[in-house]
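Dropping the structures in below, format is structure tokens.
Both of the next two complexes hold chain A, though its partner changes from chain B to chain C.
Right, the complex of A and B next:
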């Protein structure tokens, strides 16, 4: 019981730390590629603390609630994801529940931003939802291929079936893994898919009306979502992790590659992004589903 | 309590309401609400009972009323939704004309739907079915203008369906000599599979038209959007579910699912029809700019989920499909009522491009719309999530990833269009002309709040309805599901809504505390906004028109209503053909004599060379 409670408190906290660390690392790596020195790695954490001491402006009750809802949703998703042997909410519906609880993240921000009554936000959210539709097509196919490959909807079962280096990435489903890797930048909102925040076009989109602690919470939410997307990849295709350290190492590798991609690509337009997402990743994911049907 | 008294109350009440209207409008309003509420009480008295009554003999055909668990479940849904719609109508329909007629027909539709679910033989079923179709036509075309055209489309398709059903009923009668549903179901198992296929197809066309399955859906979008909003709620919530009831009747009681599953092709076709219905109509909904039309297309889409659930023939799928029927009744009625509330306060505006920012003026309506939208999307903690979860799980575990993919991607179409719905009505900048809009009166808030609470309650404690549905599934011959009050407790992939609810609640409280830790916030108005330093133009600082423009540009050519265009072409061709034929009758005697002579020549020619006789 005590261990369970510790798990419940520990895993969101750890996810937060890792997410913030990734954000700091992100700035550092990009700076080094630009041949700058870059801010210290704990800079995002310092930023959040600073933002909590600044005055915020609210547009109404939903403006606050939507952001809180999005954060709460991300914490709940973290509790569902196995993390190096820790999974506080094992038996509550599995991958389908994760998939649907993940909806809290964009929808919370969308509702909160909507009350901000700024067209920049509306454009940003409209782009975000379209981009979501874009990567959900391959993403859902990928999830379905793994679920029907292992004939279970429980993510813990999927992780357990991959023990001893029987990773899904090295199984007949490797095409699905490649497809996930190809859509990961879009899921993380990194370049070439930073269409949603696009600072030069729509003034950071959904974040434009956020200031003070709102912006701080928005950053925290972003760090959580980075953690969730990468952790899902590690769980589904890289065999989870025997312990927290291995899990973290796998996540770090994936994130590092993502940052490298981010720093060399320019931004795509939304149509270009959709065309890309609905072409190769979808074809690979589709083949993955067919393979999973043939193998089973 | 007797079923005859129930039906007499339902039909007699509607006539009395009409007569009361001649006395005074207050008495009529009161009486209509009274009748609809008393029917809710009556039906709830029947909980867990079964009764069969033989009430009339029609040329040696016994007419039977019967109630069992399945029909009880449908009856209570019919009554609750109708009662809430009638209460909603009190304010919504005020100051409109022909109100006696409106309430009369509303209650007749209600009574006939009750009759359909309580019928124990096909003759009463057919009679009540026709009463429902025709009275619904009268209400769909209540608003005149474009509504008349919508009603015409509806009634033509309905008649086609009824004729199919009639042929099926007559065929059953000539083969078995009885129309009693329970007798037929015991006799039909000996029939050949071809005969069962024929009967199934005939009935499935009839029910498919009412249920608006692709490609029989074309009547639904105009009918739903042109009907008065409280009746749209009834129409979308339960009237089209009579088709689903018919499906359940055919698949599980008449044909028997095992027989139907043997007809592999039929099963396969029905599943894929469900998937096509779901995807196409959800994405067409995304392209709509009329709030009610958007919801109407979603009604078609959700029917796809129901079909996917109930055709699969496992206890999980059955429970999911039947549960989704009721969930859809709750959240879709709720959404139509909220649109009605918006129409009521903005004097009939339901164009998504011209509204905005109403959340500050109508918070309760917004709450209703948000809960309804969450239910329709299937966000956890709403009832829609549980039923969709059951359906997805069935599809995945049965090894149909592509059907599951159709269902899941349909959800994303729903998210996009419902966010557009909420954003364009309630969020963004409030236009100047709606500065003085007020919240709707209590009689309109009441149904909205009740339905929202039902959605949330059944989302957190899905065991309450699932236990009833499970007992139906057991009586239809399925193994029992391991249902507990908080979800499904089967050993492989349990669903525990209480766990999810508790964690979401704790996380919300926690985040609220974190939020409180920060510096105090200041409330600012919508005009105090970031505009890169320039001033904010009144009424123009908004982004609603063409909300998903880049996506629209890509998908618009593929997501048109091709079926409707095809039907229109047929109608047009028929009209041209008739026009051409009419030209023969030019009114000139000389031509007519020519025709006669020509005809005789042809006859003689055939006689001479053809040697037919």
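Right, the complex of A and C next:
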């Protein structure tokens, strides 16, 4: 019982630490690619501390509540994700719960930003929801293929059946893994798909009216979402991890490749991104569904 | 980040946070902005001090006024400054905001920017080199440490003074002035 309670507190805290570490690493790696020295690796943490000591502007009750809804949704998703042996909520339908609760992340931000009544926010939110529509189609197909391949909707069982290097990425289902890898930059909001938070076009999109502690909460939510997207990939396709260290190492590898992609490619336009997302990843994910039906 | 500063971090996290993560708002006035791209990119990397440019005034806490300020720009500057969350710091950059510089006899530029918004620090020169900007930032750190960078408090306290100067400058306003100038005062100056 006590261990369970400790897990409940420890797991979101660890997710936050890893997310913030990834944000710091992100800035450092990009700086090194630009041949700069770069900020200290704990810079995002310093930024969050600063933001919580600033005065914030609220634009109404929904402005606060939407942000809290998004943050709470991401914490709930973290509780369902098995994390190197730790999984506070081992339900039998974990994957479906994750699937539905993950919708709270963009919807909470949309709800909150809409209260700000800034034209940049409306453009940013419409871009965010359309991008969601873009990556949700291959994402659902990928989850469907893994679920039907392992004949279970429990993410813990999927992780357990991949023990001893029987990773899904090396099984007949590798096409779904490639599809997930292709939509991962869009889910993280990284460079070929950073059309949502384009600072040069729409002055950082949905975050334009956030200041002070609201922006701090926004940053925390972003670090959680980075953790969720990558941890789900590691759980579904790279076999989870025997302990926290191996899990973290796998996440670090994936994130490092994502940062390299981010620092090389320019930004796509919205319809280009949508055309890409509904073409190649969707084809691969659909082939994955067919393979999972044929093999089993 | 210094290991000696850990005690300070524990004592006053807010102050140290304001010190080491200054976010400057993207705002260009005049020619001084040409010195900012080398400052924030690879040559002189400002991000190692935590200084990054952000796109909106809501997220920023450092305002650099780069170069001469025309009357029309001053309206945008005031609007941007008032949107920034407190505590906020302003640095006037180049000799034009200090005393007019080479535009000292221009009919359309501001001679002393600190009559209209409060300024915490000045960087002299035409143009100041990026090294001078870094010295300015370190001076601003010292001022934040001592609690001397209190421009935003001055603006709140002496709002009548600043507002009156602004309204006097803008002349014909689409709204009735908050602190109207008497005719006597108008004749004198």
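Simple rule for what comes next: the second predicted complex is superposed on the first by the 295 of 296 C-alpha atoms of A that agree within 3 Å, B and C clash if a C-alpha of one lies under 4 Å from a C-alpha of the other, contacts with A are read in each partner's own complex, and residues count from 1 in each chain.
The working rule: a residue touches a chain if its C-beta (ideal position, glycine included) is under 8 Å from a C-beta of that chain, and two chains touch if they have at least 3 such contacts.
Treat the numbers as computed from the prediction; the structure is a model and nothing was measured.
Shared-chain residue A:47: touches chain C; no touch with chain B. Using the contact criterion defined above for the overlaid structures, shared-chain residue A:270 touches chain B, although it does not reach chain C. Of the two partner chains placed by the overlay, only chain B lies in contact with A:59; chain C stays clear of it.
In the superposition on chain A, A:69 makes contact with chain B only, not with chain C.
Contacts of A:151 after superposition: chain B is touched, whereas chain C is not reached. When the two complexes are overlaid on their common chain A, residue A:257 makes contact with neither chain B nor chain C. Once the two complexes are laid over each other on the shared chain, residue contacts for A:208 go to chain B and to chain C alike. Touching of chain A by both chain B and chain C, each in its own complex, is seen for residues 51, 53-57, 203, 208-209, 212.
Those residues of chain A whose C-beta lies close enough to touch chain B in the complex are 51-60, 62, 64, 67-69, 71-73, 75-76, 79, 89, 91-94, 96-97, 99-101, 103-104, 107, 110-111, 114-120, 122-123, 125-127, 129-130, 132-133, 136-137, 140-141, 144-145, 147-148, 151-154, 203, 208-209, 212-214, 216-217, 269-271, 274, 289, 292-293, 296. Those residues of chain C whose C-beta lies close enough to touch chain A in the complex are 1, 13-14, 16-18, 20-21, 23, 41-42, 45, 47-48, 50, 54-56, 58-59, 61, 84-87. Remark: chain A residues 27, 31, 34-40, 42-43, 46-47, 49-51, 53-57, 199-200, 203-204, 207-212, 215 touch chain C in the complex. Within the complex formed with chain A, the residues of chain B that make contact are 357, 359-360, 370, 377-380, 385, 389, 392-393, 396-397, 399, 401-402, 404-405, 408-409, 412-413, 415-416, 419, 422-423, 426-430, 487, 492-496, 499-500, 503-504, 507-508, 510-512, 514-515, 517-524, 526, 528-532, 541-544, 547-551, 553-554.
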